[in-house]
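Before anything else, here is the set of structures, which you'll find just below.
Both complexes shown next keep chain A, but they swap its partner, so chain B is in the first and chain C is in the second.
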Partner chain A sequence: MTRIRKIKDTVMQSFTWIASGISAWVLVAILVFIFSNGWKLLDRSVLFGDYHAKNIVSGFSDEHDVNATFTPPEPLEDDEVISTRFGFAVRDEIDKEKNHVHTLTWVDDHSPLRNGKITTAGPTQGKPAPFKAGMNINKLIFIDSSGEEITVGRLKQQSPQEWIPILERDARQITEFHGKEPGGGMRGSLVATLMLIGLSLLFSVPIGIFAAIYLYAIAKQNRLTMFVRSSIELLAGVPSIIFSMMGITLIFPIIQLFGASGQSIILGSLTMAVLLLPVLIRQTEEALRSVPSSYAQASLALGATQTETLFRVVLPSARNGIFSACLLAVSRIIGESAALIFTMGTAIQDSPSVGSGATSLAVQIYVLMGGENPNFELASAISIVILILVLALNLTVKVVSALSDKKGKA
Partner chain B sequence: MGNTNENYMASEAKFAKIRKRRRGTDVLFRNLFRIAGVIAAMMVILIIIFVTSRGVRPFLGSAEERVDLKYFLTGSRWRADQGIYGLGFVIINTLIVSVTGGLLALPLAILSAVLITRIAKGKLSIFLTTIVETLAAIPSVVYGVFAAGKITILVRDLANLFGISTYGGNSSLAVILLLAIMTYPTMTTLAVSGIRAVPKELDSASLALGATPTQTSFKVIVPAARSSIATGFTLGLGRAFGEATAVSMIAGNALAGPSWNPFDITRTLTSTMLTGLHETSGIDYEIRFSVGVVLMIVIVSMNLLVHAAKRRLEKKGGAVS
Partner chain C sequence: MKKQLMTILTVVMALVMIFTLAACEKKPDPNGSEPVVPDKTDPAPSKQDPPPVGDKTIHVYTRDSASGTREGFEAVIGFKGELTEKANEVSSNGTMAQQVGQDVNGIGYVSLVTNFAENNLKPLSYEGVEATEANVINGTYTLKRPFCFTTRAADDYKSEEQKQIVAAFLAYMTDSKEGREVVVAAGGITDVEGGKPWNEIKKNHPIVDQDNSALTIVCGGSTSVEKCVKAALESFQGIAGNVQFKLDQTGSGDGWARVLGDEKDGPNASDIGFASRKFKEDKEPVGTAMRSEAFCQDAIVAVVHKDNPLSNVTKDDLYKIFTGATATWDEVGK
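On to the complex of A and B.
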């Protein structure tokens, strides 16, 4: 080996290291960016809270015990202001939209704040609206000893240090409470995503498995089979935004016959079901082909029919592969956005239902990133959830296939 | 004896009945399987028919509503608010960013594949493969968040070095970098499996002739795997053309073009389809399907082009598979 050759080889080798280094660096950069932006936000209220902030006005008709005193269960922080007569504590905070809010940090179980009833007109009027820690207080109306109504709180430009002592000193009876349940959560999208996963698999898995069985056991080596195979290949190459268009033009008129009226989870699920077919068929067929043909031959020789052989021998032996196929499908559903934007809409819902529009986690990210001021923090927090789910699913698929490889060798 | 025979006849008749019923189930299920296969195969045709039939509507309507097809295909301005729909520059922009992104990713993919298959051994090879697989598993919206928060900032700072101001980093260059990252895993995976499929004899023969392992990798093995590499390139390009949500977050949606300056904002076919989401009727809504038809045509022609190039390559290379 000449010196020049050696140098050339080393240079080429170092290029390969650089190329892989770049990919590793990009992966680390993505993870660091997403986690550093979203991790501090990710808590219970973001995971399981509503997205839309909700204003609550509740009234208090019951007389409450004027002489009651409450003690907080644990020592409170310095910046929390306590009302011992009514059993709650408040802190001045800055919320996600950079506004001052007075957040309840503690409400005693027997505090009168627990007995409020919604006073705004509408279907929820008269329903109990207990104030809980985490909610904001905008203003509070009470009656003093002379029977006069007095309003205190943030909307009166008072800090908690100012208005709570007034309440403590003068209040005889709290009559009205204006609060806000802060939003910025992802529960609705989480629920919508789960519905989407369930419905998509419900439609897609039977057709996918049956089509795979057709290609594995029934299709002859002829033109029709070639055509079916290449069509499914082609379907795999169709961009997901085109599936969105298909959902509107092809599937929507069909579900309209059953009474659906527009963008909905059911429309999104049917669209996803079509999108998932190539993945499911390919993976299932592969799993079926990995079952030794002697199994099927033995079953047929014992007098079982083709149907019995397929359902009792071949499919059970391929179950690991089929399970993996379903997991990959789920991971695809969780990450999908373009196919759902037109079919499920972009309105974030707090309580999604199958027949109406909603956003999945991925689409909620897309919505949050749109507009003038993208909400990076919440988008990153949801991205963390998506990443963890998707990577865990992919890891499970790897473990399952490694396990069945081991079993196959044994 | 006669008695046994009668018994046999009776059970034979019973079995015939069972057999017939079972055969009936067989036929039923065989037809169900066939129907499922045909449904799956029909979907792609139905997609083409339905999207196209909706996509041609804007060009067929009454005179004052109609969009001029020639201007649609060649125009250089897209002002949905003024009823001007010129998609020509958008097609060119899409080709520029997708092909450049793909060409940027291709050498990196080939080099990484060589490292994974021929240089790195054991655990290191598995580790590098895991990196590629993880990149492939990341959903596109997450890439979009990263692109909008990091790549655009990088591009903005780079532009500032040259004294160019950008729209917050939203630019062709940012889209190109994003698409390079997103197509890299597909290309690498295909290149790896292509290189793994090259017959061992080629490797041994090259080494026996005195070539170094590195020479063998780049001069013998990679050319022998070019068919898979080309397939990976096509698949990657397909992903680049069709990538919608991530690209639309950083494209900037230029109103006219084509954008030749890499720091200028751009507009792709998919980002056009995602604008004005709130429309649900009228030309603004319908035109989206027309853009979808153009997108399908672009992808199919690109596939045919790469396929033709692959054939020529194969002819030139002779028998090497």
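On to the complex of A and C.
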């Protein structure tokens, strides 16, 4: 008998070992995959840069010094092509969006390129165009000695090795420069995610707390309360894509009355607020329940009304629990994508505003991975940011609950 | 006893879930130990091993059903819904190139921008015509799909400026030499030299000389066109007073619906709707649109392994291969 029990024991235990081993392996594999793909890409320009490339078109009115020659300050690398007459160097690179680009690696301080003035209509028209290393050259238009206009550059399907010698040989005067500041950043989505977090909490936290107080203290224990409670439980189990549909069909007409015209951050955050309610109500009620009943009894014995007791004694004592609930809600917002695809849209915006559509970090991953040529690298870089944010939030929750435990014991 | 049963059940459930997870996770991992696309029914050799001499069973590769390339290919060859069950499905253009390049008996189809030599591929001529940009432009290579756009009705814009800027952008992308250059650099096929200089076209669109940073061009529809349209819009910003844009690409089916169909006044309303195919005349009438045409084309190329002696296929060959009627290489062309 004992032998059989022993074997059973070992079998059961080995199941647990295998199970935890597999889950650990899967998690490590995911992490390795994400980090190996995204880590090398992750730098300042990805974190705080624009997603859309910013094109710069500039014109030149001054005559260039025809005989000028420039020398680069330090020996350049083999793949850089130098224009000594115009004082810049270019390299053929693959950018973050996996396109071929011609990147400026050096521009001399006195290069004629620096005389360029922005020609795009608007407030910056006529201002000096920025030229710095790291910018991409799309094309250059110049006039040759016979007065004919010639266009060279990447948009003419030429490599730098092809077009720079043509420029060196024939150009008398550069007339137009089409460049761009490279895109592929996530700043817009980061800002939109922060806006979404702020707005969603603004709508859902008050409702969640008051509903929790009602269920905890005020509601009579009858069928209706049971019904409300089970509805909230049910709400927690609804897939988020259904909330997304609800947002676009039910909430959209309401915000339309206030002048919103389409998918927007406000619509997304209202939808998220509904989605977060069950989490918030349940966690807050839990936090309220964990406040020792002696507190409330003491307050009532001192002559405070029930409402005063609730809001001045019980609620402040539960604030750590409520804070943790909010942090959990924040990590839910960061990780959510399905509820936002219909309500905030899939258009990546560099300067998001509350009344117009944008993508959160998770939705930007969805957009990058769709289409004909998925961009694994950038998606992985964004995943790393999401992982770090969620990890930080979870640690904060742990610290907060550890602190409140200590306080409770003291 | 009951408790034990529960424990066993939980463990089994957990194991099943973990295995499912593990299977899901492995797919994107290029170094995974399992082949990404398993041969479902074919008992013949796996892709890694050289095939035994004399085995000439055709291995058909196809793209996932969301792919615009697949939609275009199926439309031209005309086998929609008849694809052989033995086909291996791959999820991107790059994977398709890689897989067929490793399979001596494989056949698949990719976009013309693919690097054939690097992937060990041989591009096949279609109906005797080589797949080149020139042949696509002159119309002799017919295995291709158009990238089309349509717009809201001329009297259905938010404002007069909105209408003018949309018209200016479409003129830039479709008609001007400069716009076509950008589209070509982003992988589209169109005749750059046949375009007019932007400086001439610009005269009809004086709006581009204003500050347009308060206007937003909203695009919807096909995801395949995204790269070309994004490049065109980004370059248009610089010459059109910094006009803003929003690219909300969800699939060809939404292109018409969001500018002329029932979503045109909804939250997804767009100014320009794109499709990586022609708009369907019966279901998607574009007669009321301000402008509606194809702005560039994308060639689809049937590819085989570089050691395959085949160099040309006809529509009939491809139909038979992809529906499974032709099962071995010896039968091709007979």
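The working rule: the second predicted complex is superposed on the first by the 293 of 410 C-alpha atoms of A that agree within 3 Å, B and C clash if a C-alpha of one lies under 4 Å from a C-alpha of the other, contacts with A are read in each partner's own complex, and residues count from 1 in each chain.
Here, contacts are C-beta pairs under 8 Å (C-beta built on N, C-alpha and C of every residue); 3 or more make two chains touch, one makes a residue touch a chain.
Quick caveat: nothing in here was measured; it's all calculated off a predicted structure.
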* In the superposed arrangement, does A:277 touch chain B (first), chain C (second), both or neither? -> first
* To do: Please name the chain, chain B or chain C, that touches the greater number of residues in chain A.
  => B
* To do: Check the residue A:214 against both partner chains and state whether it touches chain B (first), chain C (second), both, or neither.
  => first
* State whether A:180 touches chain B only (first), chain C only (second), both chains, or neither. => second
* Now for A:115: first (chain B), second (chain C), both, or neither, which partner does it touch? -> neither
* Asked: For A:317, is the partner it touches chain B (first), chain C (second), both, or none of the two (neither)?
  -> neither
* Asked: Given the touch rule stated above, what does A:55 touch, chain B (first), chain C (second), both, or neither?
  -> second
* Between chain B (first) and chain C (second), which, if any, makes contact with A:84: first, second, both or neither? -> neither
* To do: Look at A:123 in the shared chain and tell me whether it touches chain B only, chain C only, both, or neither; answer first, second, both or neither.
  => second
* So, A:157: does it touch chain B (first), chain C (second), both, or neither? -> second
* To do: Determine where on chain A the residues touched by chain B overlap those touched by chain C, and list them.
  => 12, 15-16, 18-19, 22-23, 26, 29-30, 33, 248, 346, 370, 374, 376
* To do: Provide the residue numbers of chain C that touch chain A in the complex, in ascending order.
  => 7-8, 11, 14-15, 18-19, 21-22, 25, 28-29, 67-69, 92-94, 111, 178, 181-182, 184-186, 208-213, 216, 223-224, 226-227, 230, 234-235, 237-242, 246-250, 266-269
* Structure fact -> Note: in the complex, chain B contacts chain A through residues 22-23, 25-26, 29-30, 32-47, 50-51, 53-54, 107-109, 111-112, 114-116, 119, 128, 131-135, 137-146, 148-150, 181, 184, 188, 212-215, 217-218, 235, 238-239, 241-245, 249, 270, 273-274, 277, 288-289, 292, 295-296, 299, 303
* Which residues, counting only chain A, touch chain B once they are in their complex? -> 1, 5, 8-9, 12-13, 15-20, 22-24, 26-27, 29-30, 33-34, 37, 206-211, 213-215, 217-219, 227-228, 231-232, 234-235, 237-243, 245-246, 248-250, 274, 277-278, 281, 305-308, 310, 331, 334-338, 341-342, 346, 362-363, 365-366, 369-370, 374, 376, 379-380, 383, 386-387, 390-391, 394
* Give every residue of chain A touching chain C within the complex, in rising order. => 12, 15-16, 18-19, 22-23, 25-26, 29-30, 33, 52-57, 99, 119-123, 125, 138-139, 154-157, 178, 180, 183, 248, 252, 261-263, 267, 345-349, 356-357, 370-374, 376
